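Below are two complexes that have chain A in common, paired first with chain B and then with chain C.
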Partner chain A sequence: MFWWYREIMKKILSNTFASYFLAVVLAFIASGVFIAAMGYNPLKAYQTILFTSFRTVNGFTQTLLKFIPLTLLAFSFTVPYKTGKFNIGGEGQFLMGAIGATAVGILGANLPTYILLPLVLLGGIVMGGLWGLIPGWLLYQFKISEILTTVLLNFVSFALVNYIATAVWGDPTAGHPTTLPIGDGGHLPMLVGNPPLHSGIIILLLVAVGIYYFTDRSTLGYDIVATGANPRAASVYGINTRVMFVLGLLIAGALAGLGGAIEVAGIQHHLIEGMHSNFKILGIIIGLISGGSSLAVPFVAFFISILEVGASAMQRTLMIPIEVVYIVEALVLLFVLLSDVVRRR
Partner chain B sequence: MDISQGFITFLRSLLLTMVPFVLAAQGTMLAGRTGVFIVAQEGIMLTSASVGFIVSYKTGSLFYGMLAALLVGGIYGVLIAYMTTTLKMNQFVIGLSFYFVGVGLSTLIPKLVIGVTLTPPLIPTLQDVPIPALRQIPIIGDIFFNHNILVYLSILISMLLYYFLYKTSWGLEMRSVGENPKAADSLGINVSLQRYIAVIIGCMLIGLAGVYLPMVYTGTFTEQMTRGRGWLSSALAFFGGWRPLPIFLGSLFFAGIEVLSYRVQVQSVGIPYQFLLMLPYVATILVMMLTFKRSTTPAFLGKNYDREKRTL
Partner chain C sequence: MTSGHEVILQMQEICKRFDTLQALDHVNFELRAREIHGLLGGNGAGKTTLMNVLYGLYREDSGEIFLKGKKIAVNSPKDAIRYGIGMVHQHFLQIGSFPVVQNIVLGTSVKNRFTLNLDYEAGKIKELCQRFSIEVDPFANVNELPMGTRQKVEILKALYRGVDILILDEPTTNLTPQEVDALFQTLKVMVNEGLSIVFITHKLREVMSVCDRITLLRNGQNVTTIDRRAATEEELVRGMVGETMDVSKSVIFSKGASEQINRSLSERVVLEMEKVHCVSEQGIELLKNITLRVHEGEIFGIAGVAGNGQLELAEVIVGIRPISAGEIKVYGKSSSQMISSDLLREGITYIPEDRLEDGYLPKATVAHNLILGAHRQEPYSKKGFINWRKVYEVSKELIKEYNIKTSGPADTAANLSGGNIQRVMIARAFAHAGDSLLVAHNPTRGLDIPSMDFVYHKLLERKRQGYSTLLLSEDLDELLLLCDRLGVMYRGELVGILNRDQFEKYEIGRMMSGVKRNL
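Presenting the complex of A and B:
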């Protein structure tokens, strides 16, 4: 009787994109019920969440500025994920990158842009990379689960940021743990002056293409994917899987570190305690929704950036708690994961 | 205050501080022994802390708060068990998803129920229940027999879990599910059922660990108040080789580091306090470097069992 329904479902489920789209729609419906149950108008909430980014230039710029670090943090999850490892330490690596960038920016404050800016970014990449290398080494040498070490190092980095922003280069006039500003030469040039949009977006696009090429088109990337798909088969084939694990975590750290450096060089110009708090573990969520696909990461990250910018507007204008967006994001993730299960059957 | 008095206070605070570690790590261990590696502890603890606090605040009863925390933990347990055991979804992916859900819910729920207030709403903290005769023993009585109910409970649960896992046939069955589910299955043990039970009870213990924080330490819920204790509990399960008694001893060690880092902060010995804040996490990593290789883990930890599949 419902043959047409079955036919449609079959069509949708046979198409990956369509089934994910259906999952997102279902997640929005389910969280809409939830929002209504809390006593708010879900349609109004969604209107603000989805369209704030496109209503004004400012909103769109805000979205792009969120999109840059979120994409890098998501890549820092998906690259090790391809080797079968879980990097929960994106936040910490991001902060270490910010520390590295700030240190270079303060120590070389008088250098001209064409020297200082690359050094600032490099400082972030190196520090973040080192912070990713530690769990990599612990995994290689001692077989300690990277899930635990990466997340524990986050807490170390929180304390380190506080130390540097108060005791080392603290700015006593700031009122909140903040360092002195980095030299002007370390600032990323602006693409648009008002509303301010820095050139980090160009770096990001280059990195995104590079990561896609690396994981999906290069030999080394193939080794990484093979390691994740079946470590035993990969090592029989001659891939040193343990080195691949370390490499994945190293790249992850470097990417998150670059994110921290761009945040310092492009927006904050200081190291500020809590500067990661807008991104938290969203990188992981984006990575999981993307299912580890390097191609999907930027698109999912952009979608989540829209939700995040929209949600703060929703809190401001409609007085709906911003945490509502967690429900939406969590359900999108769960429904996307579930759609994989359904499709497998 | 002489040295012996200081020592007594130190030991007392060890027992007080170990509770969330004991409960969360034993919960993780129980589920892990059947092969389900929970990584959502942090989220479960936060939601339970938040909901347990609110229920206590609204009803005026800490007991109801604890029940609510157990219930929250149980719900997470059912969901995690269903998605990993029945739907065979990747345990780590599911764990991380629920970690995210838990963190989000923990801040959303107070906003909805209590709203934003100028002064934080407070509940009375859990009272000490001295054990009648034993309390009178000098020194020992001070250290061991004058604590809140959850301290006794966490000791009791550790002993019960030891007895259950190693001295009963059901416990043996449960352990076999984590070591070799195929063999267990062929012996007629219901692998899924064992996993469901272990995960649900495990998550309830983790929930109880979460509500300990507002009920004993702060009297209120604050964002991210677990400060990594959930993750540390996972580390603790490895550290204790997924066995109840070593985990209990490990909790004392973890509690010792936490107490020490607070003590030194208060006495300001010239080390910047930020480095003392790092101490528990760095110490945990160092301890894992020494013990991880030798630590025994259930052979099927983190892996789902599919009886239709030929290869394990």
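Presenting the complex of A and C:
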């Protein structure tokens, strides 16, 4: 009786893109049930969530500003994921990057832009990379699970931010733990003045292309993919898999650290306690929805950015709690992962 | 003598489909009382699948099973045993540290439930042993027994449960020729005692020597069922391989044709092992005092019952496993300090035994798999970047030449079946095999007959080009067919090396069970 349904499903499931699209639609329908149950109009909520980013220039700029750190955090998950390792420490590496950038920005406050800005960004990359290298080294030397170490290092980084933003360079006039501002030379130049859009987007696009070439085109990327696909076989055929694990985590830390540096240099100009809370584990969610594909990450990150910006607008205009969007995001992830399982059957 | 007996089991029009593969296509099978019925066919013919259906491990999609005229439904091995059907698998399901009697009674109810005193059960086992003239000590630990005896334990397991139909899946794998003879004797006794036996095999000689009737399958379909006395080898060969293969040009069915190839040893030594020892992290000696030389243009075989150090031998040669003492030289250069990536550069290629664990990247694409190990070499990569266009080009050619069933180079490798995975291993090895040494461990496992023959052709072609191969195999026939010289391993030791003119099956069998021979 349901032959037509079966045929249609078969067609959809044979196409990766179509099946993911279906998963997203299903996620929206399912979360609509929650929204309706809470007494709000789901259609209005969807409209706000999906179209805020495109209705005004400001909305679009906000989306791009979210898009930059989210993409970098997502890459910081997918690169180690390709080697078969799970980096749960994107947040911590992001914050360490912010610390590094801020430290350089404060210490070299009087340097001109063409010296200070690269140093600020480099400070972020180095500190983030270090925060990725520590779990990498623990894994290499003692075989300690990177899941454990990356999660725990997050807490260390939270405390470090707090310490630096109060005891080291704390700004006594601020009501919240915040450091002094970094030198003007450390600010990312603006592409557009109003609404403000900084040039971090250009850096991001270059990085995204670079990551794609690295993971999908280079021999080192091949080594990484082979390691993730079957470490034993990879090592039998001459790939040093343990080095690949470390390399993956190091790159992950550097990417997340760059994200933190761009956030400091482009938007905040200070180190602020809790500045990562806008991103949380979204990097991991984006990475998982992308299935680890470097090509898919920017697109998924952009989609999630739309949801995030839409969600704030929804809260402002419709008084619907922002948490609704977390439900949508979680369900998208769930349905996408589910569609992978169904497809394999 | 037994052909007059009544039919006790019938399988009619059995179909079974796995995904896109029609494993069984309207197969009929009929077993008479007190006969040894050979179920013959190459890999992938559907022999094991058919019997797994009968034993309740698989559920048939359609078709019917009749036992003594009554229709039965077998949903689990438990059902099968209730109907008196037992099966001995190729890989034994035994707990090595348990004594024989515990292995046999496992899963049945015992008399002294709380004290677990198994004397009564051991007595029953001894009776069975006497009746079927099998020699097994019920209180011996299973892991101390030779392969042939472990198999008898497996047969006893079925007999203990009172089956009267016994299915044996490739029972001669891993047995020495002597053990094979003993097994055949046991089978004949069992038939005289009233059992009916299904004997699954791909070896023609075995069915010809022990079976009463033969059912031949190919690609999941019936080819024929005939009386052994009416069958000729020619006819069975043709039936096994089908029309696609030219039997007259095959290596497998050639009678001494491969003798024409030059068998004299070259002076140049490619691989030299001198008193090599290998001790595991737990302190177990895996390799003891191995000394051998593989010359240029030689196929050097390693025979032995599985698990006697062949895997470790292969691994120390390709540099995955460190040696504890001794020396390994490749073209006169000591390789003790080299790891696998260095040896790849020296031109050593490896076909691992455990293809899934040691040789395959299931989550990557077929193309990834086809260049694994060669991905740092031209033309596949240049200046740190992979030339995917070239890789795909080569991959497409390999897929065609090696008859790999896949949708293309970009297909996810996990989608391939076992035989096709093996073809990927083979294609990769031969496409990138350097001019020094190919280490091939059970390279034809899981391949159908034409593909096996193809591999043999490739190995002989390497030989003709002057390249060397170290061939480790569980299949003695394969070794006898191809090798110039043959080393036999037993418990990590090389008990002897034979030249081709010294090849004699029973002599090798004696060596496989540990009898030393003066080198």
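Note that the second predicted complex is superposed on the first by the 343 of 345 C-alpha atoms of A that agree within 3 Å, B and C clash if a C-alpha of one lies under 4 Å from a C-alpha of the other, contacts with A are read in each partner's own complex, and residues count from 1 in each chain.
Note that contacts are C-beta pairs under 8 Å (C-beta built on N, C-alpha and C of every residue); 3 or more make two chains touch, one makes a residue touch a chain.
Model, not experiment: these values are computed from the prediction.
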item: Partner chain in contact with A:Ser235 - chain B first, chain C second, else both or neither; value: second
item: Chain B versus chain C as contact partner of A:Leu288, first or second or both or neither; value: first
item: Contacts of A:Leu180 with chain B and chain C, given as first, second, both or neither; value: neither
item: Which superposed partner A:Leu220 touches (first chain B, second chain C, both, neither); value: second
item: When both partners are placed on the shared chain, which of chain B and chain C touches more of chain A; value: B
item: Chain B versus chain C as contact partner of A:Tyr163, first or second or both or neither; value: first
item: Contacts of A:Leu116 with chain B and chain C, given as first, second, both or neither; value: neither
item: Contacts of A:Leu337 with chain B and chain C, given as first, second, both or neither; value: first
item: Residue ranges of chain C in contact with chain A within the complex; value: 318, 320, 339-344, 350, 352, 357-364, 368, 372-373, 375-376, 381, 384-386, 388, 413
item: Of all residues in chain B, those that touch chain A in their complex; value: 39, 87-89, 92-94, 96-97, 99-101, 103-105, 107-108, 111-112, 227-228, 231-232, 234-235, 238, 272, 274-275, 277-278, 280-282, 284-285, 288-289, 292-293
item: Chain A to chain C touching residues, read off their complex; value: 213, 217-223, 225-226, 228-230, 232-240
item: Chain A residues touching chain B - in the complex, by the definition given at the top; value: 38, 86, 88, 138, 142-145, 147-149, 151-156, 158-160, 162-163, 166-167, 280-281, 284-285, 288, 321, 323-324, 326-327, 329-330, 333-334, 337-338, 340-341
